[in-house]
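In what follows, subunit A forms one complex with subunit B and a second complex with subunit C.
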Partner chain A sequence: MTYLADVAALTRKDLRVELRAQDTLPAMLLFVLSTLVVFHFALPEGTGEDAAYGLLWVAIVFTALLGLARAWVPEQEHGVFDGLVLAPCDRSAIWVGKTVATLAFLLAAQVVALPAFALFFAPLDAVALVGVLLADIGICAVGSLMAAMAAAGRARELLLPLLLLPLSIPLIVGGVGSAISTEPERYLLLLALYDGIFAVLSWASFEYVVTES
Partner chain B sequence: MIRAAGLEKRYGSRRVLRGIDFELPRDGFLLVTGSNGSGKTTLLRVIAGLAAPTRGKVQVDVHRGRVGFLAHEPLVYRALTALENLDLFGRLYRVPERRERIGMLLERFGLWEVRSERVEDYSRGMSQRLALCRALLHDPELLILDEPYASLDEHGAGLLDRELDELAGARTLVVSTHDPARIELLATQRLVLA
Partner chain C sequence: MSSAFSWIRGLPALATLAAGLIGLALLLSFFIAPEDGNQGISQRIFYIHVPIALTAYFCFGLGAWKALLLLWRGEERHDLESYVAIHQGTIFGLLTLITGAIWAKASWGVWWTWDSNQLVLFLTLFLFYCAYFMLRFSLPEGPRRSRSSAVYALFGVALIPVSFLAIRLAEDFIHPTTFTRDGPQMTGTMFTAFCVSWVAVTLLAYVLYRVELVGKRLHTDLRELREALE
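So, the complex of A and B:
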């Protein structure tokens, strides 16, 4: 229960910081909407829905990347990361809190982006929405860890996409597959497996990312 | 309480600490002095467990949850208020009777009136006083203070003097400073880094 209370306190803090500063969510919303508008005009007539679903995933991944690039900025300002690392709570709770908060921002961006996609291109059915949710969890779980690693380096804006994009490929395959395949359950299973494996790996390795040994 | 033997720290090819040996008993007060770049901050970070030595070892007989650390930066969230920051760290440090303890510290360091203002609106001196509240929040057994007088005006420095006077002999203290005259009477040991 203490662990969950720590996660809740850390998540609440992230949501509060974002509500005050409004550094991340407005940028994510603007980015995803303008990307969909650009795609709407860039895609030739009669291209078909499959291409549009692919472009949706480009928009989702890069919107998530935008949010993740700013995920640890509040901790870098004033050296708060050291304060959190010194606290006696389980350090993985810091990662879980950040993952949940980033997921909340991404879902909030998609509440606007997915209806816009349906308006411009094609509707998403329930299975495709489950695919989006599973992929969001995977992106935020792995992305929070990669963003913490990148934040410790000198060129975090460069490092984060280099670390995260290759790891996102299975999520894009699963997400697009769940929207266009005749057997979407196979792709949903792939996404669920990815989430489970990478969430456990990220949870277990976070301590080693944030401490010198 | 703290034993350092042959402590060395390098960043790449640059050697920041070399051959540091000392032993500080429980409730001792170690004053660390030295010129800019002599490794005071690095030594304090190693003792706090935030950096690992390249060679040698340091043994600190205190759980990390019982260490209070004041760094050059205040280690608090700029977008949150003093109350929100201290409440978060109070929860993470499992501080009993958290609200009473937070209220007492804010009163003691003259921040009660501005407790609901965001830290980004604080002056550097006020941020430093809040950082001291955060470091003392869980009544640590070992208190590590890196340049605690930096940014404090005379009133703030007086508050810190009073706090250190109370803590000396009752808690283990490691303090680095450029102004040793202010606290050298309280110190039981002195380490000069070259």
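So, the complex of A and C:
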């Protein structure tokens, strides 16, 4: 019970910081909308809807990267990280809190981006939306761990995409497949499997990457 | 530094054995094994390509196992062992990509094909493990770097089956038709050549792993001695 309370407190902290500073979410929104406009010019006439679905996934992954690159910046800048690690709570709760917060930002950006995509390019059905949700969970779960790893190094903004993109290939396959395949169940299953495996791995290993000794 | 002697014990003999086996494997695969009816001479790269690919998996697996030991028992030496294993795995992974490209050119007339699941998987893994080195070299030396690297190495072995599954699924919408590679039925000598080659390449990788490990450890010891002198 206290674990959930810790997670809720940490998530609330992240959401409140974002609400006051508005560092991340407006940037993500503007980025994803600009990307969609760029796609209009990148896709020649008559390329069909399938290509647009593929590019949607490029937009989603890069928007998530944009948010994740900022995920630990407030903690880094004000030395909050040491405080969090020293706090008498399970360290994995920090990871869960950050994952939920980044997921909230990503979903908020998509609330605008997905209708815009449907308006500009092609309709999205319910199965595709489930695919988006499952892939979002996977990206945020793995991404918040990778961002914590990258945050300790030099050139952290450079490092995160390199760490995360190879890991996100199965998510892109699952996401694109659930949008365009005639048998989307298998792709949703792949996404769920990915989420399960990598969320447990990230949850279990977060403690190791944030403690100093 | 008496331990340096224990590090290299048996290594020259192993290296000689590996070199001999590699020679034997080349002899078997080029001159003894019969020529494949369908693919002709180009099939012979199979005896080199597949053992290298299996060895790369073996190295990645070894790296992850050492990473697990580091996280589990906290013994610092596993960090270097994990790194060296992944380094060797990346080298063999690159060789897999190169030999795979040569095979693709000989069989299908193109240097790269997205139809070969194994090649696509290796490209993904190659990118993943290149990022491992970027991560490792951007973090300051210390326990946190060891453990971050270890966690990333563990993610690698989880990524292998998941990526393989994803790439298999992706075939449906990327390439509806695939090359059927129901491999040639291997005869007795072909199978022998393959097995000898596999053992030889694995042993070679192990020798290289040991050599690199000794080099890295000597380097560390030397640095410590220099610092002690100053």
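We take it that the second predicted complex is superposed on the first by the 212 of 213 C-alpha atoms of A that agree within 3 Å, B and C clash if a C-alpha of one lies under 4 Å from a C-alpha of the other, contacts with A are read in each partner's own complex, and residues count from 1 in each chain.
Everything that follows uses one rule, which is that a contact is a pair of C-beta atoms (placed from the backbone, for glycine too) under 8 Å apart; a residue touches a chain by one contact, two chains touch by 3 or more.
Keep in mind that what you see is a predicted model, and the values were worked out from it rather than measured.
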Simultaneous placement of subunit C and subunit B on subunit A, clash or fit: fit
Partner chain in contact with A:Leu43 - subunit B first, subunit C second, else both or neither: neither
First, second, both or neither for A:Pro74, with subunit B first and subunit C second: first
Which of subunit B and subunit C A:Leu107 touches, first, second, both or neither: neither
Partner chain in contact with A:Ala9 - subunit B first, subunit C second, else both or neither: first
Partner chain(s) touched by A:Val127 [first = subunit B, second = subunit C, both, neither]: neither
First, second, both or neither for A:Val173, with subunit B first and subunit C second: second
Contacts of A:Glu212 with subunit B and subunit C, given as first, second, both or neither: both
Subunit A-centred angle between subunit C and subunit B, computed on Cα centres after superposition, in steps of 10 °: 90
Larger contact residue set on subunit A - subunit B or subunit C: C
Contacts of A:Met149 with subunit B and subunit C, given as first, second, both or neither: second
Subunit B versus subunit C as contact partner of A:Val85, first or second or both or neither: first
Subunit B and subunit C, minimum CA distance [Å, superposed model]: 6
Shared subunit A surface residues [contacts with subunit B and with subunit C]: 211-213
Subunit A residues within the subunit C interface of the complex: 50, 142, 145, 149-150, 152-156, 159, 162-163, 165-167, 169-170, 173-174, 176-177, 180-181, 186-187, 190, 193-194, 197-198, 201, 205, 208-213
Sites on subunit B touched by subunit A in the complex: 48-52, 63-65, 67, 69, 71-80, 84, 88-89, 91-94, 118-119, 127, 134
Contacting residues of subunit A [partner subunit B, same complex]: 2, 5-6, 9-10, 13, 16-17, 20-21, 74, 77-80, 82-89, 211-213
Residues of subunit C defined as touching subunit A within the complex: 71, 124-125, 127-128, 130-131, 134-135, 138-140, 142-144, 147-148, 150-152, 154-155, 158-159, 162-163, 165-167, 169-170, 172-173
